[in-house]
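Each remark here refers to the structure printed beneath this line.
Labels A, B and C are assigned to the chains in the order they are written; within every chain, residues are numbered from 1.
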Amino acid sequence: MNFKDMDVVSIRDFSREQIEEILERSRQMLPYARGEKISKALEGKILGNLFFEPSTRTRLSFESAANRLGARVIDVSQTSETSMVKGETLADTIRMVEAYSDVIVLRHPHEGAARLAARFSNKPVINAGDGAGSHPTQTLLDLFTIEEELGNIEGMNVTLLGDLKYGRTAHSLAEALTVLGAKLTFVAPETLQMPKETVDRVKQLGGSPLITSDIEGIISSVDVLYVTRIQRERFPDPAEYQKVAGTYRVDREMLREAKKDMIVMHPLPRIDEIAPEVDSTPHAKYFKQAFNGIPVRMALLTLVLGVEV
Amino acid sequence: MNFKDMDVVSIRDFSREQIEEILERSRQMLPYARGEKISKALEGKILGNLFFEPSTRTRLSFESAANRLGARVIDVSQTSETSMVKGETLADTIRMVEAYSDVIVLRHPHEGAARLAARFSNKPVINAGDGAGSHPTQTLLDLFTIEEELGNIEGMNVTLLGDLKYGRTAHSLAEALTVLGAKLTFVAPETLQMPKETVDRVKQLGGSPLITSDIEGIISSVDVLYVTRIQRERFPDPAEYQKVAGTYRVDREMLREAKKDMIVMHPLPRIDEIAPEVDSTPHAKYFKQAFNGIPVRMALLTLVLGVEV
Amino acid sequence: MNFKDMDVVSIRDFSREQIEEILERSRQMLPYARGEKISKALEGKILGNLFFEPSTRTRLSFESAANRLGARVIDVSQTSETSMVKGETLADTIRMVEAYSDVIVLRHPHEGAARLAARFSNKPVINAGDGAGSHPTQTLLDLFTIEEELGNIEGMNVTLLGDLKYGRTAHSLAEALTVLGAKLTFVAPETLQMPKETVDRVKQLGGSPLITSDIEGIISSVDVLYVTRIQRERFPDPAEYQKVAGTYRVDREMLREAKKDMIVMHPLPRIDEIAPEVDSTPHAKYFKQAFNGIPVRMALLTLVLGVEV
């Protein structure tokens, strides 16, 4: 398989084999990501970070990944500054960044922006989130974390918990997990359940997700508890929000029924969804998950730039 | 000729021979600018980017140029952050950046700021635009683009089109083109024609520019069509703006009468001055022109830092 | 002595011997800080700059120090952008930066933030100023400047002038100077004199500071005149401010009585506290002092990362 010059727009663009190859490459990247080994694989390469909305974690993670491999980063993330304010089209902005770099990382508030950018750029474009669209590097680091922690994805009971309606992360992840053979449970208040479109797609891909609003009833069979934030703004009634937030808050109490090696994940930043008391339990893997953004992005950068490590 | 430790404040500071040497050095930089060859010529050097107003293209272009040669960049472009807000003088700010870097790139809203900065700094200062003053690296990359595309500047019919009154780019370029032997045409609505001062200076330098408001009448003899933006704010009457903008908009229709190898240039960003349909014609050189900012700035950095490549 | 993995939170954490070792290492860094020698001692390392309030000089100085030694810098200084705005705790933000870098430089508006950060991070944390708390790298570069310029700190008459009540710099410096055996004079208007707490601590450490509001009376015996800014906001009455600012303004007139080799220092930026006419006298060392931030921060980075140079 050859990833050279590929754009990374959506996780859907990758076959199961390609995803596995990326995860394998990510594993090779671990000692470099930790700074235990030094690589100059990307020396002389420039990554152009083009962020039309802030996303500190994603931006820094790409910066760190590039730097760990000897590449340099130029940053167009001060969005108020970009020529866009003067009325420049995305196509022209992309051509500018393309002229100054070897690979473009794009974050954009509008769905479809990454696909459009990829069409205008001769250099590879990596989608770092485009509105309600995709965020494939987040999905890949989630998959990598499960495989690293549990040794396998196939057959695992992965429970997505929280706001599954608006949480973009959950949609792509559900599809990709199904492709890789995980068993899914969707736990959310009724008004925030997984959209029919995603449920249908999971079924088409061969999955048969369990859909419920009751976390207590299923917690003992979960291998991966993937928590997403429930935003206060989704509820017209504050009392309703409080009730829901309380029910789904992960704390030591909730974890008492969990399998010993169940892992808790969260795309971060978290607010109240996971109690700080969980941090010191062996279940807590969300900080490691954040770190895993580095080896996964290193893997993608080396693959699309066609560089051996 | 020795450029070491020279400040680059105005294109007027350079003789024809010096300009030609810079263009020659720029040509040598092309494979490094494209990332085809890797150079560490500037390893260990630090470029201090000091931007008192945003200019994404210029800033990124310097960053990319420095990085391609192994230098590092420190960035004082978040203007709201600088100590200036606390009342520090430009002289003190320059001395700070000087202490932390080997070459200073200065963008400033006020004419004369670069000359002042150069006086206070023992490290070379490169003017990246100072208000209505100069923007010599823009002029150099424009000259480089013409020479690269047409093989020569001397004798070429270069037509400057658009807002020639307020467009700083046009003034310096007109002078430099005259020094290098090009024949000039100034096409603008009467209220936005080239200022008498610049016309006089072009004549002093031996030029005899054709001044007109009619692009259709002269398009067939043009070698280089250099388009600049006409800002809506220049017109008290919106209807008047619409008429002018329409007349000077470059599209396939206008280009039908053009020479086959005429090139269209634009300092970018563009809004409506050039129709997107022009992008795919062989005339369109504005994206290549933007890219040319890299080799030209690489050339200047290596020259003022006294480094062989 | 081993500094590896140490946090640098307060100058009080260091013994006299440790301070002297840092200053000695700083001296070794000078040729690298000036760019005369090139070192790759920190190649492969990443410094995470986490600035919750702007401080251009400190940020750039760390960036330059890291870059001069081959490290890379990732920057979370666009504070409006960080996840903090979404309600993330400092602990979680620190864990994020920790995952992406090898050493964290933290600037924070609240006293105690650096100590807290150090507790949550497994990577070394360097305090770049936390509110009314400490700013140990500023103190170290001040000490280094005195030793470099006068050859010694012990026995020197160091006069702190200006706002000694609110000027954080002055408090830590007074303590550290006493530890290193300097003799102190505090010159300030009565309402802005050194707080009793700091005076007491200086005395506990064996010092016996002279406290006065009269600079003219003591100028002839001063070895180091350390000037700090008096902020207009401290005075309810503008006339009172004008009088005080005038009295303490350092100019050639005031320096007429000074020792030939007395040095004038200032943490910068300055506004009116030192007349520009002083810049060209041999007394003026404030720009050199700013430069000294580089070798001192290089020294700290190499020490806490356990790297030989």
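Here, a contact is a pair of C-beta atoms (placed from the backbone, for glycine too) under 8 Å apart; a residue touches a chain by one contact, two chains touch by 3 or more.
In this text, all values refer to a predicted model and were calculated from it rather than measured experimentally.
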Self-contact between copies subunit B and subunit C, residue sets same or different by half: different
Rotation angle (°) superposing Cα atoms of subunit A on subunit B, nearest 5: 120
Interchain centroid distance [CA atoms averaged], subunit B/subunit C, Å: 41
Where subunit B touches two or more other chains, by residue: 78
Interface residues, subunit B side, partner subunit A - complex: 35, 38, 54, 56-57, 60-61, 63-64, 67-68, 77-78, 268-271, 276, 287, 290-291, 293-294
Subunit A to subunit B touching residues, read off their complex: 43-46, 48, 72, 74, 76, 78, 80-83, 86-89, 91-93, 95-97, 99-102
